Amino acid sequence: MRILVVNPNTTASMTETIEAAAQFVAAPATEIIAKTSKMGPVSIEGYYDEVFAVPGLLMEIAEGQTAGAQAAIIACFDDTGLDAARAMASIPVLGICEAAVATAALVAQRFSVVTTLERSITPVKGLVYRYGMADRATVRAANIPVLSLDDPTSDAVLKLRTEIEKALAEDGAEAIVLGCAGMADLARDLQAEYGVPVIDGVSAAVKLAESLICLGLTTSKRGAYATPLSKPYQGLMASFAPKAFM
Amino acid sequence: MRILVVNPNTTASMTETIEAAAQFVAAPATEIIAKTSKMGPVSIEGYYDEVFAVPGLLMEIAEGQTAGAQAAIIACFDDTGLDAARAMASIPVLGICEAAVATAALVAQRFSVVTTLERSITPVKGLVYRYGMADRATVRAANIPVLSLDDPTSDAVLKLRTEIEKALAEDGAEAIVLGCAGMADLARDLQAEYGVPVIDGVSAAVKLAESLICLGLTTSKRGAYATPLSKPYQGLMASFAPKAFM
Amino acid sequence: MRILVVNPNTTASMTETIEAAAQFVAAPATEIIAKTSKMGPVSIEGYYDEVFAVPGLLMEIAEGQTAGAQAAIIACFDDTGLDAARAMASIPVLGICEAAVATAALVAQRFSVVTTLERSITPVKGLVYRYGMADRATVRAANIPVLSLDDPTSDAVLKLRTEIEKALAEDGAEAIVLGCAGMADLARDLQAEYGVPVIDGVSAAVKLAESLICLGLTTSKRGAYATPLSKPYQGLMASFAPKAFM
Amino acid sequence: MRILVVNPNTTASMTETIEAAAQFVAAPATEIIAKTSKMGPVSIEGYYDEVFAVPGLLMEIAEGQTAGAQAAIIACFDDTGLDAARAMASIPVLGICEAAVATAALVAQRFSVVTTLERSITPVKGLVYRYGMADRATVRAANIPVLSLDDPTSDAVLKLRTEIEKALAEDGAEAIVLGCAGMADLARDLQAEYGVPVIDGVSAAVKLAESLICLGLTTSKRGAYATPLSKPYQGLMASFAPKAFM
Amino acid sequence: MRILVVNPNTTASMTETIEAAAQFVAAPATEIIAKTSKMGPVSIEGYYDEVFAVPGLLMEIAEGQTAGAQAAIIACFDDTGLDAARAMASIPVLGICEAAVATAALVAQRFSVVTTLERSITPVKGLVYRYGMADRATVRAANIPVLSLDDPTSDAVLKLRTEIEKALAEDGAEAIVLGCAGMADLARDLQAEYGVPVIDGVSAAVKLAESLICLGLTTSKRGAYATPLSKPYQGLMASFAPKAFM
Amino acid sequence: MRILVVNPNTTASMTETIEAAAQFVAAPATEIIAKTSKMGPVSIEGYYDEVFAVPGLLMEIAEGQTAGAQAAIIACFDDTGLDAARAMASIPVLGICEAAVATAALVAQRFSVVTTLERSITPVKGLVYRYGMADRATVRAANIPVLSLDDPTSDAVLKLRTEIEKALAEDGAEAIVLGCAGMADLARDLQAEYGVPVIDGVSAAVKLAESLICLGLTTSKRGAYATPLSKPYQGLMASFAPKAFM
């Protein structure tokens, strides 16, 4: 099985963290192809950054599909561009927030998501709500910039642990979901430390991607995710016109 | 008052329809500035088209704000890019779906939205849900391509009327919301014909924009819509980096 | 445009506050006609007072419509009598709670409503829920009697500010809705002080009323708001029988 | 036990139907005191009629409480004035819609309410929603004026039976709730005919009233139903000022 | 009337507490038949205990029905086995959680349930949600083992009172629901002490059972509660095969 | 990896169908251990059968865990006993309904579940609701007894196909979930026939079980699924007392 994991921000060192997490859980027969987006923001922090991360992300997925990937993972906890990717691609596509909360729901009745910045709480709550977990999940921010997770001199992990401790003490959390792809390397240690399931979305998505491939399932093209209609795109966006990809 | 109305697709004839509808309801002291996006799809039909409409849309809003617009309207019923625009701009921003359903809710307990294509039902339902109207609104599609609304030889209006009649007969609809910016010119005639409120989102958004300006209200920058953080954007998207606009 | 604003309690000094707020935001061409109810409680604090405020309120709306008003506003945050008024009148009718939360939703993802007394929390929550904002709004009481807002020697505003500060600190509020018509004069100062949108329902309702008039929209008479059937009313209520008004 | 049953419309023949239904199920030791409101509409059909039924209703409840009633029942399926009555009275108060749906929920997972007129569907749905049964109940109208139920020459019962049959065939209804006090005499026959539980709210409310009396429970005066504050009421409503009752 | 009250755990002293509470509120003509399950756990604390309490509970209900009981009450706040009992029996069956929250909803807008152990919060929340009270009720645990309620030397009541005080101070609770059958004897004293309605589910269920009997209502056999199909059961469970009971 | 799949009914031929479906999708390194419950009903059709299937199911899971299984699957679409199993076991446990809807949600916005009998619609809806898919899924019954799926001479598959066709035509379904373990062998053919994703819960659960094992995740023992407290169980249930298993 060949699974494409796209980091939709342009920071290659973060892709390395993501790739390592993906490799760690991949089945022996699975090939992980990790890609860094070639265009867009260096980190995705809020609605604005999301917009400009999507074209580069979709380009990677389109190329990956052509190159034989059998499933694609969007390694940003905002599940940036997930709907568009599902409409575009014929292979299944997974977001890491979706994967993480779907997995957490299998091992806990109630869990807390700890994300990076305050401004991400509303978008992540929106996702949690959409994935049907509004009554089961609390969303918190540790107030750490995304790229600080890549910086060993920052206090990012310390702040993350403080927030996890609050979640356990105040939210009735039975499990913790790590709310950023940049935290993918921390799940195992934190799980050992706190004695509750700690879920990383990248790892979770890899396993779900393998599952969908094995089950022979891909996005339904009936209804919401119908293949984009062929039509002209103007100006800077011309090269993304549907006919170019399909 | 100066209100910017952006057609986020690149079809200028559709902008004309939108501009006329906006002008028709604007207050005497209001200047309507209608803009067609310079990049992206010729029509927005589904999740994929949405992605590539947003950069051009945001560029128009940023330019409009610089040029003195006091509010901006996104004239696409998917409310494409609304969250990003609210985060980016310091002026208030309105989506026409949001404006239409907020207005319909003032004159009816229960209403039906009639949009264009089947594939738009899920995105529009998502919006209706988010705007708190899940229990009050039904979403239907008339199966008409967006650009057929601009074509006097098509049977688009006939199909739209058939679907409105079904909504009145089957949904308990007390009012009708027209689910596409390209229908902006039809509201008054349909209201006269069917004897129930028929709401066009472009017109509704113009009045809400005037209201917000007059009330001195703009998007809160606390929380979800905090100003985008300054950071580099790579490749084709470099020119959209937050510092470029703010 | 002629807009009727009815204070459904019988305290004329409060009507003055309401009228001033309405005038302040009305368009140049709008005539604000402010009326104090001639019968009922001197202030509306809880479900019981509401009941006896409605007949006087409806009488003012019926008279106002006859006298040429094109829209009516119910200037009490409980939206007292709103459904009955919509059924009775052929002009559009707005409640100030509905207007305030509909407006707040355009500038914030999450907001807090600060009302007067503890006993009003449940009725206001009921409205917020009905208007589709259950997931986006918190309701708080500042524990101030309605009429104390009219008394410059009271500590009402101090208590209101304390509660606003709690809302910002504890609720994740991005905006504040003032939950009483008697607070209509405070919105601008509080907005300047706290740097977040502060929404007064009277002002918001005036702009929405102008909008509906301009859009040619009024309450649908299909379904929930069908015109009251002509029938006898007995005793003290005889003069309110539907045929008397319509 | 002494239980007051108030018909909040002024039609005495309907009170007789209600009283008979109440008597039929009352415990041997229970005294049913049935009262017809002395003021307001001859039937309650929609939001407008409701308003003018409440003062007469509250007057009966206040008088009944003074005369020793230990619980009060509002015998109109709109649960007209229920919140105000709960705030006013120190004895427990029950609405027949609330009683009927609470009882239906004990014998069926899913039920349909069949009410009189189309215009009552939205108010009744609002109640069903508030009582927590949004996911379990369907609301239908048989298109019969309230007073036709009292007229043996009308086809009201025929229409009601047709609608019950539709509910059983189309809604997955496991039980039927009769959605008008004027149908109180029909429950037993319809239950025998259709072989599913058929619930009349008047009967259900009598048993719940007996239960609350026996359990020593009455409306909490903490929060939403705090005793009305003493204050002047003006004009026609002066005699209803809180101090007059309490 | 003959009402069966089954304690689904096997601790006879707890059955005595339950029986006393049931007797205290039963109508003069009601015969309370209290039974202790003959098989299963000595107390029900969490999902696992529930499973093994149900066969013994159903056996008691089946025997009780045969012996002439007209209604059955399951005296465990988890409403253990309620759905199966409703499907099995032709007499109405009530759970004490369902009875308590249905009754609380008649005297308060908002209430708190205080149960025993932390592990019971999620199951009880699940019930509260299912009974339509998700928006009106808070669930708390006093951290007291079920059987400690039977032990006069324990500090169980002290802990319960502490939790009730928190509910009143922090939850906006207008009433308290006691979340364990073993608390049935405490309701009256706590109500007197705290001045708000305190509801015990055993008492509430007795009154609702009398009501259903008097109203001639029993579980609908259409849909969810259709009579179990006759079929073989294997091994240790063979004696419970549907044909054995019906 | 060693995965236990328990058929909680006692029909061995149905276990064969389940085992074959599990084997078909299991990874090369996965050992599927399929077990038929030794006690309880021959098929699970409604709430009553569920109760008596759980003890035998839990016994198999306890034995399987002792024998080295790393995850357990409950192969009945009612997810019978899932909560108790999660509390009892230290290995992760999956229900096939939960697995199927979690998987369907990854490939479709909206899907329909087709189950066996009418009486199962409410229990399955309850599960779909609990798993957060209330707004995305429709539940239908094909009116086929569970064991008829094992009988090649029955018209069960024909009826199932008819119901799938209705789901596609009437529900806006983008995918189909097969609502019975006995349909596990039909998914691939139906998917090929109808051109939409068709999800079988047994297969889906096997892949999720492999995923959880690989991710090192198991049920949180904090909160709802805390390990059962050691205590005596009486009578026929004595051998199931918690200490016996743990």
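In this document, chain identifiers A, B, C, D, E and F correspond to the written order of the chains, with residue numbering beginning at 1 in each.
Definition applied: a contact is a pair of C-beta atoms (placed from the backbone, for glycine too) under 8 Å apart; a residue touches a chain by one contact, two chains touch by 3 or more.
Please read these numbers as outputs of a predicted model, since none were measured by experiment.
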Chains in simultaneous contact with chain C and chain D: B, E
Homomeric contact chain A-chain F: same or different residue positions, threshold half: same
Chain whose mean Cα position lies farthest from chain C: F
Inter-centroid spacing, chain C versus chain B (mean Cα positions, whole Å): 28
Separation of chain A from chain D, taking each centre as the mean of its C-alpha atoms, in whole Å: 53
Chain A and chain C, separation of their C-alpha mean positions in angstrom: 44
Residues within chain D bordering two or more other chains: 109-110, 121-122, 134-135, 172, 223-225
Touching pairs among all chains present in the structure: A-B, A-C, A-E, A-F, B-C, B-D, B-F, C-D, C-E, D-E, D-F, E-F
Of chain C, residues touching chain A in the complex: 109-110, 135, 172
Chain D - residues contacting chain B, complex: 121-122, 129, 134
Partner chain A, residues of chain B touching it in the complex: 10, 37-43, 45-52, 54-56, 58, 81, 83-84, 86-88, 118-119, 121-123, 126, 130, 145, 223-226, 228-229, 231-238, 240-242
Parts of chain C lying in touch with chain B, wherever the complex brings them together: 25, 27-29, 92, 94, 98, 102-103, 105-110, 131-136, 168, 172-175, 188, 191, 195-197, 199, 203-204, 207-208, 210-212, 214-220, 222-225
